[in-house]
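The structures considered in this document are given below.
The following pair of complexes shares a single chain, chain A, combined with chain B in the former and chain C in the latter.
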Partner chain A sequence: MTLDERPALAMRGVTKTYVDGETTVTALADVTLDVFAGEMVAVMGTSGSGKSTLLAIAGALLAPTDGEIEVDGRPLGKLSARKLAQVRRERVGFVFQDYNLLPTLTSLENVALPLDLGGASSATARSEARRALAAVGLRERASSFPDELSGGQRQRVAIARAIVGRRRLLLADEPTGALDSVTGEAVLKGLRERADEGAAVVVVTHDARHAAWADRIVYLADGRIVDETRASQPESLLTGGTL
Partner chain B sequence: MRKPREGVLVAALVAVPAAAIMLISTVMASQTPTLDEKLTAELGQTQAWVRVWDSAGNPVVQAPTVPEHVQSAVEGDGALEGTDEYTAAEVEALLPDGARTIDLLGASTFLHTPDASARATLTAGEAWDESLAGIYTLVDGSVPAADDEIMISPTLASVAGVAVGDAVELADTGEYTVVGILSPRVDGSGTVFTTSGAPVAVGALGEWGINGSMTWYLVDTPLSWSDVQELNRQGLVAYSREVVTGPPVTGGLTPIEQETDAALLGAGAVGLFAAMLLAGAAFAVTFRRQRHTMAMLGANGAHGSSLVAVGVARGLWLGLAGGVVGGVFGIALGLGWDYVLLHWGGAEGQYSTWGYHVNWSHLPLTAAYGALVGIVSAWVPALAASRLDVLGVLRGSTRPPRARRWTAVLGALAVIAGGAAMAWSARLLDQSLDLAGGAAYAQRSQASMILVAGAVLAFGGLALLVPVMLRLLGRAAVNAPLAGRIAVRDASRSIGRTAPVVAAIAVTIAISTGLILTLDRGRANLLDYWTPHAPVGDAIVELGFAIEGTADQADIVVAAAHDVLPDAEVTVFDAFLNFNGVEPGAVDMSAVPFLLAPEQNVCPELIDPEFSVSARERAADPRCDSREIDFGPWTSRIVVGDADDLAALAGTDPGDAALDALAGGGVVVFSSSFLDEGTVTVGFYDVDGGEFPDFGSLPDESLTLPGAFQQVAPGTMRVGLAMVSPETAAEIGWPSQPTSVLIDADEPITEQQQAQLSAAARMPDGSTPWVYVGGGPRDTYAAVVSAAIMGVALLLVFSSVSIALGLARADARQDDFTLASLGASPQLARSVAAWQGALIVGLAGAIGAPVGTAWVVVQGFSTLDRDYVLPWWWIVAASLALTGVVALAAWVFTKVPKAVHYRLAA
Partner chain C sequence: MSIKHSLLVLLGEGDRYGYELRQEFEGRTGGVWPLNVGQVYTTLERLERDGLVTREESDGGRQVRYRLADVGRTEVEQWWSSPVPVQKVGRDDVALKIALAASTPGVDVLAVIHAQRRAVMTSLQDLNRAKRTGSDEAWELVADALIFRAEAEVRWLDHTEARLAQRTPVTASGTRGALQTPGASAPDAVPATGEGVQR
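Up next is the complex of A and B:
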């Protein structure tokens, strides 16, 4: 494993609070986390522990209430909405639990979306998208629409969309939640491979077996990082168990 | 309700046409008087009125409640022996003994002030009597106490600038003082009220007689139906309070029922159709968003029919709510409409209102209409939703509905059949031009029905093909820009939402295109055949209302024109003396010249009305050109002038032949029918002896002169139908004199300037020439109606598109997030909406405009006047402009997602 000196994702003292009427909910509290290229980090925690909020803030989808975030060394705090969109487009790839593919576009078009949105030529976007689809083993389903694919295939298309181009930060939110165990394992294997190829991967999961694919596991509780382990240490996680 | 916004949308979609229906109902009801209002307007507080229908006393039969609906009862001599027509005393002798009556005379007159002259209606008699309250309303001042005191109506006071206390002249009967303002319910150009003994009233009675101009109001004496029938036997008609409030079961004519307005029914049907389509689209989206719930219900044992029943019940309630709310809203709008008419609309003709009348029986019908729309529009999507793939939906696989092959085949067949029917209709219409009389009419009726069926079939077929078109477009959009690709694919996947909206807009475009093009063709035809009495905005003053001194009259009119309109160009035309205006004995009329058209040049139908030819035969016969027929086979309207006058009358530079004829002692004719191998015939008739031109006979004396035809430019006024030089006029031997003065003003002459011209041109004998200001062909009607149609169509199109886009945006919330997570600009949503708007309107235009145009093209086969060229470029440009404007509006009004809201995983 090779780690860059500069983290692909750096979160420093990140806090996120929501105000709902007179109630203030703290989703994240003073979270500090570095994820390096080539590293796969699993984020675990109970429901409502702040896992998805962490991922949304890391991916510039949500602004923190306090703290600093850097993606590839670029601070997000003072960027305009347009620049933040550019960061998401060029540096961050998302994989969602329910795939979030555009039902109106084919697999190829879905994968090419980030490049299309970035202004790449149609030929370049399609060529890169084909390569990404091939990487997840779906080259032959390029012209299929999402509703013509199985759940596993859809998630692989979502992964292809997340890795297309030169993005180094891959964020996956419960990517196996809607998949059977075999397909889920295949998806995690794919994410692992992306990390091995040099991407920084953050996977939110509540399944310990899936977390075992990671280099590092971060535990969240009530918005705080309460523990952090190297995945190879707790052997029990590789043999099963769910948080 | 779990989805209040969609519920409100559906109810609103139903409410809008429901409101329109009740508004129309209320407006129509308000334009129809109640029995009490009708009685008050007709009778005031009196019991009946009586008028002479047949002045010779021949018996008639009237409708009991509609005395204007009358037929002659028996052919034969009149009831009055030894008299030509009734006198007032004879009529009064026929009324019930001892009845107190108020007699009103109706005539016309001129009111003059030092600054203005205005034509007005004259009502002589005690119109201000308290028993006529309701017919006339005292507005200001007092009632006349002497024959030289008058009242005038508010309209006349405004037009002539007269107030209570002012002195005015009426016709040439002397000076009167305005002592009050009395308002009739309907007051066209203004009314003067005098006593029955006023000089102007006495003069008018002599001029107009009593036939149809006198009304006797029976103040206290009721008239029974038998009384009315007795009066009918004497040639009189009556409107009786007793008869109207209790019409007889038998006897009299049956009043003609007012026909239901087919256009209104058509508009209602289209509204119903469009509302169903749009509400159907809303329901389709609603059901799709509820598919998970429905799948859950299905998985738990709910039967498809139960799901349909739930959907239809929802449609029923929403439709019912929309119908009731819309109906009530329409009634409220009707109140506003009435208020506007009562306060600013005047009280004339079609714009009159009798008060705020609501036809409450229409409200439940409107509610039923809403319920019907709700049920039908919910039923189809509910049926589709009930057939969903439960397992697929629960697994997250929501395949879009496929364009069914049978639908596409059916659509294609319908388009072919509809097109064939329209072509067949065109052929039948064309063939009808070879038929004459009733056979032609019957064939045209049959062709019209086939045309309607063909258009509906073709349109329905195209609507069925919309899913296929969308799918093809979706496939073809591979290389389109991202926003366009998303828009097209979304439309092709969301047929339940898109296709009804496309169909609704297409039917709107088809109908509006058809109507506007039909109006445009009518306007073009009107302009082709328009022969103005005076150019638009200019004035023509006809002289010759007295035999003597028209030259002096022309001078007075010319001076008046220069006085009122200093910059106007004034032209005086001379023509042969009009024998109609000659007082008996003033001129020797034993040899009055008429220009005669040779019989072989006259349309046979003019000579023999029974003669019937087909339209094609008539068109092939230049003698039957309607422009020629309008001139008639003879004329005494011969202008006398020089080459400049000829140019003015021709509206163009005259041809050499005409100039040669004018200079060479010949006649220039503006209708070729008067020309016979280069000559024209002038016949001389003994008018004093009752001799006039007739077919089949030539007068004893006639003159053949060289002739030449001069084409008159379209739209040029016709002062005369032929022209000769002064020398030729002398040779013919009939006096000529100034007959018309044309006042060509820089700016269109206003109503006030018209009144000033009339006042300034008063003759020494007190008479007033009639100043006619050209209003042009009534193509303003086409322009106004076209603009109104376009406005309504645009409103419908924009409403429909906004509904479609609103539904599409509601569908796209998840996609918005996905795109945002991928770094899309928030503006992408706007671009997608613009593409969606353009796609929907473009597709609807591509369907609707050809159908509407084809309708007009086929209708064109019903006439041989096929010069009208369809404004193809206008149609294409309007379609593109509409598409562009909708796209722009969609871009502008689409909300940009303000922030990315990450949907947190459960």
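Up next is the complex of A and C:
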């Protein structure tokens, strides 16, 4: 694992509250989390624990009530809406449960879209998109439309779209939701490989088996990080036993 | 795990020396359960005594090859056609500890659950990594079995935590119960893997 000094994602004392009538609901409370390039972090917790809010704030889709977020060392707090959109487009890739692919575009066009929107030349966007599709093992399906692909393939296109260009922060919200267990595992393997290649990956999941692909697992309860586990060092792997 | 039946299955594919059986066994089960050569020979002696295998000596009795007898072949067929007995409900150390924690005044049952879940999750992460770095299908198959069982334990812990959290009074700050805080010593977890695994 290659770790930069500077985290790809830094969340410091992040709090998010909503006002609902006369009551204030705390969705996130004082969350501090660093995710480095080459690292995969899983966020677990029951529904309503704040997992998706954490991801939305990390990806600059939602502003925190309090606290600071940095993506690639750049504080998001002082950025204008336009600059935030640029950070999202250039630095952050999202993978959702329902893929969010545009049905009228081919795999290649879907993957190239963030670069097209960012003003890249068509040739650059397509060549980067081809490379991203190859990275998720879908080089051959570049000209297929979403409805010609299986659920697992669509999710791999979504991962390719999330990593295309220079984006190093990959945020996935229940990316295996509707997939069967073998296909779901292939999607997690795809995310793991992106981390091994240097991306910072945050995956929200309720599935312990999927969370186990991560280097670190944080648990949220009532908007707070209440627990954290990380894999052992390889040398201490598995204790002995005989029949 | 039945060494006896495993050896009979391997002999069903052809005559074998004892050391070949051991190598073959470990290769076919992902090398997860190391078998010592003594166990192989003791089992083979019993199988011979019961008429399930026959032996054939060469090199003045120094080399012994084993062959599956007809009785052994029938035994193998019966083994394939009957399920491994599903374990009877027995003592479950984790369930016992948590049941006791839930009913003992002054014990933070959620902290006990968290410590246990940390231990199981770490073992799940380790198994996952071991599976990723392994290459053979047999090992992946066996690793999956251990992974799915560990997952079941985590799901049960999550479920138990959610149930117990509902009955624990909610504090003014909105957090439930006393959770692990920095500096507080973690309760000892029951060792996470029931089955020892070696790679």
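Note that in this section the second predicted complex is superposed on the first by the 230 of 243 C-alpha atoms of A that agree within 3 Å, B and C clash if a C-alpha of one lies under 4 Å from a C-alpha of the other, contacts with A are read in each partner's own complex, and residues count from 1 in each chain.
Methods note: contacts are C-beta pairs under 8 Å (C-beta built on N, C-alpha and C of every residue); 3 or more make two chains touch, one makes a residue touch a chain.
As the structure is a computational prediction, the values presented were derived from the model and not from experiment.
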item: Which of chain B and chain C A:Val226 touches, first, second, both or neither; value: second
item: Chain B versus chain C as contact partner of A:Ala211, first or second or both or neither; value: second
item: Which of chain B and chain C A:Gly177 touches, first, second, both or neither; value: first
item: Touching partner for A:Ala134 - first (chain B), second (chain C), both, neither; value: neither
item: Contact breadth on chain A, by residue count: chain C or chain B; value: B
item: Doubly contacted residues of chain A, that is, touched by chain B and again by chain C; value: none
item: Residues of chain A that touch chain B when the two form their complex; value: 47, 51-53, 56, 59, 61-62, 81-82, 85-90, 92, 94, 96-98, 100-105, 109, 113-114, 116-118, 122, 147-148, 151, 161, 173-174, 177-178, 204
item: Of all residues in chain C, those that touch chain A in their complex; value: 1, 3, 33-36, 39, 114, 117-118, 120-122, 124-130, 132, 147-148, 150-151, 154-155, 158, 162, 165, 174-176, 179-180, 193, 195-199
item: Parts of chain B lying in touch with chain A, wherever the complex brings them together; value: 395-400, 479, 482, 485-486, 489-490, 493, 814-815, 817-826, 828, 900, 902, 904-906
item: Contacting residues of chain A [partner chain C, same complex]; value: 26, 29, 46, 189, 192, 207-209, 211-215, 217, 219, 221-224, 226-227, 229-232, 234, 237-243
